[in-house]
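Please read through the structure below; I'll follow up with questions.
Think of it as A, B, C, D, E and F in the order they're written, each chain with its own count starting at 1.
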Amino acid sequence: MSNDRIETGIKGLDDMLQGGFLPQTANLVEGPPGTGKSTFGMQYIYNGIKLHNEPGLIVTFEEFPQQYYRDAESFGWDFRQLEREGKLRVIMTSPEVSRADLESVGGTIETLAREMGARRILVDSISHFGQLAGDPVGLRTVVYGFINSLKREGLTSILTRESPVLLGGDDAEDSTIAFVVDGYILLRYVEIESAIRKALLVLKLRGSDHAKDIRQYEITPRGIEIMSRFEGREGIMSGSPRRMADVFVEAFGKPSR
Amino acid sequence: MSNDRIETGIKGLDDMLQGGFLPQTANLVEGPPGTGKSTFGMQYIYNGIKLHNEPGLIVTFEEFPQQYYRDAESFGWDFRQLEREGKLRVIMTSPEVSRADLESVGGTIETLAREMGARRILVDSISHFGQLAGDPVGLRTVVYGFINSLKREGLTSILTRESPVLLGGDDAEDSTIAFVVDGYILLRYVEIESAIRKALLVLKLRGSDHAKDIRQYEITPRGIEIMSRFEGREGIMSGSPRRMADVFVEAFGKPSR
Amino acid sequence: MSNDRIETGIKGLDDMLQGGFLPQTANLVEGPPGTGKSTFGMQYIYNGIKLHNEPGLIVTFEEFPQQYYRDAESFGWDFRQLEREGKLRVIMTSPEVSRADLESVGGTIETLAREMGARRILVDSISHFGQLAGDPVGLRTVVYGFINSLKREGLTSILTRESPVLLGGDDAEDSTIAFVVDGYILLRYVEIESAIRKALLVLKLRGSDHAKDIRQYEITPRGIEIMSRFEGREGIMSGSPRRMADVFVEAFGKPSR
Amino acid sequence: MSNDRIETGIKGLDDMLQGGFLPQTANLVEGPPGTGKSTFGMQYIYNGIKLHNEPGLIVTFEEFPQQYYRDAESFGWDFRQLEREGKLRVIMTSPEVSRADLESVGGTIETLAREMGARRILVDSISHFGQLAGDPVGLRTVVYGFINSLKREGLTSILTRESPVLLGGDDAEDSTIAFVVDGYILLRYVEIESAIRKALLVLKLRGSDHAKDIRQYEITPRGIEIMSRFEGREGIMSGSPRRMADVFVEAFGKPSR
Amino acid sequence: MSNDRIETGIKGLDDMLQGGFLPQTANLVEGPPGTGKSTFGMQYIYNGIKLHNEPGLIVTFEEFPQQYYRDAESFGWDFRQLEREGKLRVIMTSPEVSRADLESVGGTIETLAREMGARRILVDSISHFGQLAGDPVGLRTVVYGFINSLKREGLTSILTRESPVLLGGDDAEDSTIAFVVDGYILLRYVEIESAIRKALLVLKLRGSDHAKDIRQYEITPRGIEIMSRFEGREGIMSGSPRRMADVFVEAFGKPSR
Amino acid sequence: MSNDRIETGIKGLDDMLQGGFLPQTANLVEGPPGTGKSTFGMQYIYNGIKLHNEPGLIVTFEEFPQQYYRDAESFGWDFRQLEREGKLRVIMTSPEVSRADLESVGGTIETLAREMGARRILVDSISHFGQLAGDPVGLRTVVYGFINSLKREGLTSILTRESPVLLGGDDAEDSTIAFVVDGYILLRYVEIESAIRKALLVLKLRGSDHAKDIRQYEITPRGIEIMSRFEGREGIMSGSPRRMADVFVEAFGKPSR
């Protein structure tokens, strides 16, 4: 794998990303509730510290740091200890923060990142930005400025975004954010054989090739693990795929006549 | 089953939840009218008292306590007696309650919960919160604060939510609530062979694995009972599933050529 | 059949309801134009008087009483005579009635119901409530209060509601009403073999089991008659069902290999 | 055929209506542009005069009477002559008419109808009512009052309504009108074998049974003619029907095994 | 072909129209970008001049006349020369024109038409009318008046309209215009065998029969040419048709059993 | 290939365009995030300089020039060097630019284009125009004026536009732009065999014929490369195509009867 990539350390994902994220890029991870967006981000931060000795920052606009400590613990990741070692900072800022404040949040993060030499950052979630502003144009400007301030500090970021639709679903609403980020990863629910599976798709990775297939993944006691692609289904991204014609053909065999 | 789980005592559900809810979590149960959300919640409270000697609170914003007594009675659960024994409290607060009041509702619940040593709480339904505020961001803050006040009191909660669409349906409208809860259980109607069945899906259980399959359930004279998964259907969560190709294959047999 | 049930006397329906409605409950009957909601309600009132000697009230917010007399007559039900005998009252109140008036309507109904010893009531239609208020939360409170005032008077009610969509259709708009009623019956159009059939589904019957199948019904010269369930179709509730795979299997037979 | 029915004289339709419309009823005819709503109405008026010697009125809110004369002429109906004979009146009122005016329009129509002894009326189109009022509740009241003033005058009316969707389509928007009329006939486009056919469905006929099948019709040089039902298609009312499974079964034959 | 028809001269279309448009009618041609609405209109004007010696007017609210000269040239039509001969006028009026101005535009057109003895007019596009008024009722009145002023001048008009949806699509938005015109021709994109074809459908031709089939057409170096109907597809007007069952039947043959 | 065409130099595309864009035309390239709209535009500019010695301009309303240098570098295109040679200019203007400014932007671009003798221009993206104005009519006028000022300068332009929907999707919202441009190219995601492919379709090329088929393309280390058309699928533009019936027929063979 390439040395100049920021490896996520998420099993199977770095291969899909041709080695990892590109340095100093902003990467959007989007999904409905329960798809593991925060886990994805925490794992990225944790692996940065443990596998690459890259200090990391977690910025949240809602959850208390305790929630992250607890969630991390359930995967065996001791975030309190990492904070004591100065490798990790979990920062919660008020969700009442105004647009002007958002810009100063950037400032606070820059200061902190510089102090601890942070290389990675998780912003969980960027949806709170959208909820603070009724004006999509102004918001895009603020988000774009925020992303650039992260890049200037040399940070490679994961930004999570909440997807309002449970099954399938294209987020027309907030989609302008997807245009300003460098990477864009979709997490989705897919109903297959009367059960709900989770699917991951790398839709965009600016400046690099990437896997195009839709992969199944699971949230295991060790975090997220990417598995094989879905087979024999059409319409996976709709959340409710159809069995493909191949299944018939395979079952009946190709006739010899 | 794990000892540190809050068992629901609902037949088949605790297995799906790997033993039950996690302590001090907020769990959303969502469904259209007639899917048994209140029954689900009452059964959770009743089983807590009867099977685990854990006092419980029921908070309602609309129905009079008498309705709960009557509904419970139809399942053989004597709620009046439990109230006399100090194991249960059914509290109705005015639906006209303002946002400020919602915060003080939290205060009232805290006091009551402490007095009676409550461990479980049913909030029926959280939809009334949404109807009281036109502002989704402010609402999320209030709901998040409300949920956290419940957790601080050591309560493990079920919050019901009304789903406006009868068959299938993704609740884009109110979906931010689903991001702040720890557990998320969907109740849905499914049309199969010219009849309406009920389906249950655990979509999210923060900090724990859980069953991913879509299960049929029934409201019996003894309360909710989870049954087997749906077989041979595609698109169950759409409410109007298709028969799967397998059915053909099975019928005609795999050709031997 | 159980004695403590309020039998509708509608052929085939009481069996679906395990004997009838539960006493002192509010039951919503919803459908698009032409599905016979008013006929359903009138038949319920007529059968109460004729078969069980239970006086009945009809409250309408639009149609003149004459329309009910005429419509009833076409089924052979002499409503004028029943009014003369003091067994029936058809009341029309102004559709311009304000929310405050709605509450006083409750008062008027209470008085009348007490005077004539009414046991059954038809409110045709509850949609007019919704049209009088722009505010869904306030409306729900008023409707809930209205329903409870009916129950307090010992009345078992049918509330009709107009469904705006012709084929299939989930009424997201007005759906909060469906949560506060005890029973919920859906009337729908279904296109089958190039014709429009009518379908009935009992979706909810609080405190009782009920049939879950989707039944065909017809409006005959004797009123509504429930018939057999639909066979061999998927997606009936969508209004535009598909033929099921079974049809093929049945036609070709299960292969013996 | 029953004597007390108002025969439309439209070939094939009176059979579907069990003889015709009921006297003193309001009947809605709804369809997208080009389905022949006005032709339907003119034919009803023309046949009333020619076959039953029943004078008729045509009220329009947009088209000049000349347009009706010209359109009628293309079917061989001499409207000018009928006006000269006092059997027909084509009235155009200003589309700028206010709600108050609408009520007075009722008055004007009453006067005219009485003078000429009119028995039938065509109101083309009722959509103009909806466009004049932003308030659906108030509109319904006005329309209801308007319909009743027609009935009081002994008129049997056809009200046309414009359907905004070309193929298929449920008019949720304006649907409250469909609840206050006595008859409801849908005209729809259906795509079959790469061509657009026209379909007619009687959805409602208060106080009478009626045909439930979806019929093909054509606009011929003699006016509208109802033809056979559609065969072997599912989802006709969607405008884009599917071939039915029967076609396969029929083609391959029922296996003898 | 009938002598009193206004032949479009578009290959294949006049047959579909039973000879052409009717004189002094307004005909709407609607389609998404790239379907050749302007080409359709220019060809109609050009053929009128060249084949029938009928002078023509082109009114545009956006494009400069130069654009029409250039576009026409690419089909070999020399519009500048025709203007010099007094057979053609291309008029551009400001898109900032107010509603009051629209009425005076009518006046200008009348004057010009009279001066040059114009028989045909292309208004490209009527969508600009809609964009100038927020009020659909007032707009309809203005458009209706505009159309009538064209008819009064003896003009037979083509009005183009922009369809906002690329594939399939019913224009509910602006549909009231379709009710006031005499002819209504739909241009649509259809995806067939991984390519985009163009489809034409005559939906309405007041006072005349017309072809009902959906025809493929192409924009050739000689202008628009209508070709054969689509075969073996269902749902063409959806833009994404399905292969029909016939294909199977044909392939496997009708079984002889 | 024709000499008077502006060749894009994008492999496979010029053939689809019958040689390239037409001179002095505005061409819209539209797609969701990650489909390579900017890459498409940069490649067009780069090839103009390298293959045809035509200086080029890039105008951006959001991204800093550095981002373009970096992105170009990943394809081996040295934009800094081209700028030093006076062949390229990358201009960023403020997204806060007002409508009045937009007009003056036109002025700035004209001046620059004249100075450097630019022949090609990329405007990335035109979506920012839409976000600056709430009024679609005024916007269309401004965009139309902007496009014309580019044409007046002899520039052949690519305008990119962001498509808000990920899979499939018709942009009804902003569609008026598509009517005023000369060329319209759609970039789309398509799910095939559990992976996401990219599809390109030339929908419009005013004044020229063009390929109508939907082609697969990839973003390679050398830029965009157009590949073969999609085979054996229906509904590609929906983003979630179905396998075609042909697949069955092919598999089973045409019966020999």
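Throughout what follows, a contact is a pair of C-beta atoms (placed from the backbone, for glycine too) under 8 Å apart; a residue touches a chain by one contact, two chains touch by 3 or more.
Remember, it's a predicted structure, so these values are computed and weren't measured experimentally.
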item	value
Chain F reached from chain D - shortest hop count over touching chains	2
Length of the shortest touching-chain route, chain C through to chain E	2
Centroid-based (C-alpha) most distant chain relative to chain C	F
Interface residue identity across copies chain B, chain C - same or different by half	different
Between chain D and chain E, centroid-to-centroid distance (C-alpha), Å	29
Inter-chain centre distance, chain B versus chain F - centres from mean C-alpha coordinates, in Å	49
Centroid spacing, where centroids are CA-atom means, of chain B and chain E in whole angstrom	57
Residues of chain E touching at least two other chains	242, 248, 252
Chain contact graph, described as a line, ring, star, complete graph or other shape	ring
Going from chain E towards chain F, every chain in order around the ring	E, F, A, B, C, D
Chain F residues within the chain A interface of the complex	32-34, 62, 64, 70-71, 74, 95-96, 125, 127, 131-132, 162, 164-167, 169, 189, 191, 194-197, 219-221, 239-243, 247-248, 251-253, 255-256
Chain A residues touching chain F - in the complex, by the definition given at the top	136-137, 140-141, 144, 148, 170-172, 175-176, 178-181, 184, 186, 201, 203-209, 212-214, 229-231, 233-238, 242, 244-246, 248-249, 252, 254-255, 257
